[in-house]
Amino acid sequence: MRVGVFICHCGSNIAGTIDVAKVAAEMRKVPGVAFATNYMYTCSEPGQDEIKEAIKREKLNRIVVAACSPRMHELTFRRTIEKAGLNRYFLEMANIREHISWIGLDKEANTNKAIESVKMAVAKAMNNKPLYSQSFKVNKRVLVIGGGVAGMQAALDCADGGLEVILVEKSPSVGGMMARLDKTFPTIDCSICILGPKMVDVAQHDKIKLYAYSEVDDIKGYVGNYQIKIKKKATYVDWVKCTGCGACMEKCPAKNSYDHFNFGVAPTRAINIPFPQAIPKKAKIDPNYCRQFVKGKCGVCAKICPTGAINYEMQDEIITEDVGAIIVASGYGLVDMDKFPEYGAGRYPDVITGIQYERLLNASGPTEGHILRPSDKTEPKTVVFVSCAGSRDKSCGIPYCSNFCCMYIAKQAILTKDHIPDSQSYVFYMDIRSPGKGYDEFTRRAQEDYGAKYVRGRVSRIYPKGKKMVVVGADTLLGTQVEVEADLVVLATAVTAAPGAPQLAEKLHISYDTFGFYVEGHPKLRPVETNTAGVYLAGCAQGPKDIPASVGQGSAAASKVQALFSKDMLESDPAVAKVNENTCVGCLKCIMTCPFGAVKEKELRGGRIVANVIETVCAGCGVCTATCPCGAIQLSHFTDNQLLAEVNTICQK
Amino acid sequence: MSEIAPKELRIVGFLCNWCSYGGADTAGVSRFRQPTDLRIIRVPCSGRVDPLFIVKALLNGADGVLVSGCHPRDCHYTDGNFYARRRLEMLKQLLPYLGIDEKRFHYTWISASEGQRWQKTVTDFTNQIHKLGPLHSTTEAHSGS
Amino acid sequence: MAEREYAYYSGCSLEGTAVEYDMSMKLVLEALDVNLKEPEDWSCCGSTPAHTVDHVLAAALAARNLSIIEKMGTDTVTVPCPSCLSAFKRAHLGMAGDASFKDQVNDLIDEPYNGGVISKSTLQIMYEDIGLEEVAKKVTHALPDLVVAPYYGCILTRPPEIAQFDDPENPVSMDKILEAVGVKVSSFVFKLECCGAAFGVPKRDMVNRLTAKVLSMALDSGANCIAVACPLCQQNLDLRQSQVNALMGTNYNIPILYFSQIVGLTYGLTPKELGIDKLIVSADDLIRSRITVEELAQNKAAAEAEEKARKAKQKEDKTKTEET
Amino acid sequence: MGPEKMKEIITDVLKDVDVVIGYKQGFDKLHATPCFINKAEQIEEIIWSPVCVQNLASFLPSLKAKKVGVVVKGCDSRTIVQYMQEGLIDRSKVVVVGIPCTGVVSVKKVLDKVNHQPIEDVVFEADGAILVKTPAGETKLSLADVSPDKCSTCLYPTPVVYDHLAAEPIKSVKAPEDVYKDVEEFEGKSLEERKVYWEKEFDRCIRCYACRNACPMCVCQDSCIAESRDPHWISQKSNLSEKFMFHMIHSIHLAGRCVECGECERVCPMGIPVNALKKKLNHDMKALYNYEPGVNPEDKPPMYTFSVEEKKIEEHKL
Amino acid sequence: MADTGFIPKEKWGAFIEGLSTKAQVYVPCLEGDTVLFRPFGKEKTLCFERPANSPPKSVIFPQSDTLFSFTFIKDPDNPQKTEVELKEHLDFPKTIVIGSRPCDAKGFTVYDRPYTETDTPDPYYKGRREKTTIVTMTCNSPSAGCFCTAVGGSPADKEGSDALITEVEKGYFIEALTEKGKEILQGPGVEDGKAYQGDATKKQEAVHSMVKNPFGPKGLGKVSPELFDNDEFWDNAVSKCVSCGACTYLCPTCYCFNITDEQTSDKGERIRTWDGCMYVHFTLEASGHNPRPTKFQRFKNRVGHKFSFYPEKYNGVIACCGCGRCIRYCPMSVDISEIVSNLQGA
């Protein structure tokens, strides 16, 4: 065994708190190590060349790189040693940056810890075996979860590139949050006017199969070969027959149904088409309000429907689709007003959320674009906007910035002035965050051209006084308390993960953070990938972001899928379980515990039963190895002996 | 084995690649200071951790063992940590029966984003082990009975 | 009903400026079959300036009382004054959550406090332990003229992690109790707004302005009196009305009653024994209209009959006119 | 209970199977030994008395290819149920001859009572008394005094699974809560005491693997990781940590599978209480998952399954 | 110097304690209900009443023996080169075994032939053997399963011992058999033994007659070659065997071993450990092939070695001392004497 050890300085990131030369010198004393050196940037091209040359010069057959996290550069160095003719699994990494140099200042302790960590890696490397991939076919269809602007962009880009797309949207229409907006910042162009054509494209594209009012029920498989179960929720309207004429909606007697599309700004009918531009433009019954369901009799819509599309007996339906990759664009949610008891916790009708105000501004909204306050349907003359309602507020459990509220408040202040010229807007803010192109100019316009009064301070309380809402806050620039008697208060409620985001993540086997946003493969370098091969992210599911960023991410995710699908065959990760048929006793406990059904029974000549791993199905978790009492099924690259070598290196009495 | 600073005790950590190893990376990227006692062994999944690794470590010189995986329901391999939870709980309850303080073994769930939680876990567990002091592993009896 | 038993810690205010709170509270709880045991040799709760100087010392003051109560063998103490309550709870929770803090505190007192006492306000035991149904059962009288603005003050429900009672920003317990005894309650949005009592000495101007706001909002809400559950709130709102009037040129004359006094009135207790005569702004005019529940029912019936007769007559007149 | 009825049943069973496993007398009257019967004339050798201690069900997995009849006591019958749970036998190829049992003897205990003298004769009297004859004379013992500990808390005197029953079923009179009293008692000792205890016990181990090979649930047998180099879990050194490790391997592999037949402990030539660790694990499995090995064929051993919400597992705080 | 001695009962403890100041003394100790040879200590409960569960063979032939330790030494300036430093472990202390049984002592003579009476003696075995004095004790009574007299032994056999102690009414009669044995007579409290010689002889003869002979009046005869090579015979004979190795590890005459290297990082040891022909790994070859894959083949080897191969090589000496441990402690009560009996044919 001839191990080569390369200790990276990572500039001063590692060398600053670890004596790298000492580590290298210590490694040269380790039996089996034929070469050890330290280098400024091992991942750089000359750094990698040095490894390649050393492999040839010193006839090395196992390589240990002590540098950053293997989650960062394992692949890089595997390719490096492969180019030098070694099997890529002859590489081991010791993480002396994230796990050592960055977390401790004591150079002596760090150096000692690094020496031991590298020794562990050497011990493991000496037990590394060559592993070889298998090829398997890719199913070149892609699933896009979420039909908001990010999901639609991703779907269209994939479809335009010739891929078959399955688009699943949980609400009755695509469009997402953007379809609810009136105008967009900083151009003040009409949101639905720019989104509508995309929605139509999605509907009409022959490569896109749209499942609206549907959810992903179950996901099985692995990159290249996923089996998806989609639940089509019952709409009680046969969408094949429904023409979207809207007659049912007009006649429906259940007039007080909650309008999800309009966030409850005004009631809707129990059978409804969510908005005029809806795609698909089909009606749907809300059984929580429909008299047929609630009282057991009505049937008005069934009588009125010219095509006989109404079906009160409709059930949820499960559909199976096979795909090779998944783009998750499941969007975001908004924090509940209940979180703000000091602002009335939703008890005051004239304290509303930004998205509700958006619907009041919108010409196709319930007030047809007239700003009328909910309590008495009068025009508000004084409107107060409260930014950071929940955002950047640890006591709400939301320490992060919601990214786009500053901008839409400015937009709404401008639109308020447009709609009601004699109105006055106040904006209570913490900081104005307007880093995009043309954004800061836009917030200035709101103040300078449209006279919105910006007060830097937080609002402590909102209470009603007569017909007014009194907003009490601080002006931290003046150092005084401020009270504004407003007609309408708009809260820029914080962006949260979409409801059910963690459950979807669990189905996808991707990580999510404390707040429910999905975790990208690397915050800078893999922003649309996840740690699960074949699953990509787009839009606010990954974190709050505005429309251009969401569209950009949608396209980025689509291009990742295109790249993945550019090959007909994928290579399997050979770090999967293998059975030693000589020692396997055929107790088959591994079959009982394998989460993927990757282990099957096999009869040898002579009738002996042993376990057998289907390599492409095995995901490499190693549950079987920890189950097997006789150590006959071993997870390659993480075998008992490899892990024991590490344990024995550090635990010696 | 090189000389260990006498103030350090021997703590072995088994971390799943997808969540907890990433969590430890996140803590590193965020420069969250941690005690230096822990030595990390990367495993694909907490379900890979045979309880015998922990026993082996404790019998052979480790003063504490820490296992961390993805949060339940969030396993990269769907069910790996569910099996891990049963196995590790079994061991957690068995150790004191053998006279090994169960505080020397801790298992927990930390996601890739929970750098701060990782820092706290490492710090608290290291402190806990220091409070217990070195584990005088089974003394060598005369061989050959 | 099974008799309930609590330790009862009155605290300094209820021995002095708020003696009417003590009188009325004891009578009301007696009417509700609650047995109160006063700890012997109780001392300051620690809510005094101690807590701004030394947390351990402040906690020790509270813990000394809690320790006495613990030795009495009662597991719950009920405290009318929110300030005392807050001090008790802060000490209790602080000691429960931090062993070294607990040791420091216990070092300062004779008998250690082991964390075995739950502190609850009298409002809380009426609302949660006894329950609205029981509270309503004892009512014998009605107060038809009263419209009450319930005022909770700053610390009865806050901070929520200490108070652990009711909705911290929109409490309803006092509203519900008053409604249960048949009193009209106004929709009062300044339930929690600061009355300024803490700055009663150093910043009198500010206090007057804050007090004025509370009084004005109470009137705006349609109330003619304010119910309180805190000796400091009562003192501040009641005592200071004339100062406010002098400063702001207003003419406030709003009686500030303890909620226990109002409940006592509905239970048929006399204004004298409830200490209503001890209020600065007199409530006599307001409560003069007190009648028994039966009388109220009779009056109501009579009024209804009269109304019916009036309507009948109107109808008759109308028909007559038409006929004419 | 009578060997006569058993012999009748076995005569019948033998017509359908390749072999019947029963007991015959061993090298003295205190020892029974398994006998593999495939000819009718062997049936006369069969005995049944409290010296029939071995768990004959242990032989079943190695005879998977054959159709086998087997004589089992109540305790041994749990082995068969556990085999069924784990798919280690084909139940249709096993004919179970059950014997309700009121307790067996512990050879060690009897020998202790007669000062380890050679045994000349052992007679089980109708009233339950046991007469043991040695060169030093005759000793009268009661079964309760010389039964192994497992009998004193036996909940299954009648086999939990059988095709034929050689005597009338017996109801257990033992309290289920007593089964793990010894475990709970031991848990009352200090950590240090427990550690010293096990170190002393395991120090006697000679790694002969009798406990492992006699264990019905040790499926690995020749593939046991205690002797393998790949994986190389332990060396062949006979020091305490390696012995300790071997017993941990044995115990942990039996977590939630041990049917408490007590064979491991009975066969240990060094008198190590090997079963105690497995009982402790069973105690925990019962508390955590309400699981008892070898009772219900439909159950799944707890280490091979999970619940998404583990009701009894609380997250551990630091 | 007299060749016999006597120790009164009350001085027995002091005698052993006295010896323990001069050498490492192994005595049978009671642990739970198990009797084991342990280094003498005041806190130990001594038990001479019955044979120990395992013979004292590990005193001279330890279960695991470090033959040598090795360390790899590397010069960091020339990492390609590795030097190995070896350290032999050949220092053995003076040792006395008290209370072994004649069968146990005879066992050592079985080892002596291959390990010392050869051109290439085993230094580890030989070293310990020479440093060890075996003080045997006559059996008071036979134990279940023992049959020493049937294989040429006796409860008072002197073969392999340095001294023989026989318990008599008032104490212990000692007979020194070798020079090493004579040293024992120098122990504290040893009186003149002549007066007790008669009592001792009587005792020895009495016990001799109590030992059973499993081979019948004709005694142990020749093994029938037909039966020995009949697979069916073996299959039937050992179907109940569970293939553990208790019989070999408890046997005073089994001397097989295995050698392994145990290494971590830069240090390691070469160790010799007991092995036994009953284990499947014993004959497992690197290729995966195993010439004795089934338990009956392994059992056949054990019987063959003791009753056929060894005697053939060493002038008919049977490598079985009849201690009966393999029968007593067999999990399934497999009886080697019964099998040997049956092997002699009709």
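Remarks
Per-chain numbering from 1; labels A, B, C, D and E assigned in written order.
The working rule: a contact is a pair of C-beta atoms (placed from the backbone, for glycine too) under 8 Å apart; a residue touches a chain by one contact, two chains touch by 3 or more.
Please read all numbers here as calculations on a predicted model, not as lab measurements.
Separation of chain D from chain E in touch steps, taking the shortest path, is 1. Any chain bridging chain B and chain E, meaning touching each of them, is among A, D; the list is complete. Among the other chains, the CA centroid farthest from that of chain E is the one of C. Nearest to the common centre of all protein CA atoms is the CA centroid of chain B. By C-beta contact pairs, the most connected chain pair is A-B.
The mean-CA centres of chain A and chain B are about 30 angstrom from one another, to the nearest whole unit. Remark: chain C and chain D have CA centroids separated by 71 Å (rounded to whole angstrom). A separation of 35 Å divides the Cα centre of chain B from that of chain D. Taken residue by residue, chain E touches two or more other chains at 36, 54, 62-64, 265, whereas all remaining positions touch fewer.
Shared contact sites, meaning residues of chain A that touch two or more other chains, fall at 26, 119, 593, 627, 640, 644, 648-649, 652-653. Multi-chain contact residues of chain D (touching two or more other chains) are listed as 204, 206, 221, 233, 237-239, 241, 303. The part of chain B that touches chain D in the complex is made up of residues 51-52, 55-56, 59-60, 72-73, 79, 82-83, 85-87, 89-94, 96-101, 106-109, 121, 124-125, 128, 137-141, 143-145.
Within the complex, the chain B residues that touch chain A are 1-5, 8, 10, 12, 17-19, 21-22, 24-25, 27-29, 31-36, 39-45, 47-51, 53, 56-57, 60-62, 70, 73-80, 83-84, 87, 111-114, 119, 137, 140.
The touching residues of chain A, when paired with chain E in their complex, are 25-26, 28-31, 33-36, 58, 119, 123, 582, 648-649, 652. Listing the residues of chain A that touch chain B in their complex gives 26, 69-72, 95, 97-100, 102-106, 108-110, 112-113, 115-117, 119-120, 502, 505-506, 509, 511-514, 519, 531-532, 575, 593, 595-596, 619-623, 625-627, 635, 638, 640, 643-644, 646-653. Residues 341-342, 345, 347, 461, 463-466 of chain A touch chain C in their complex.
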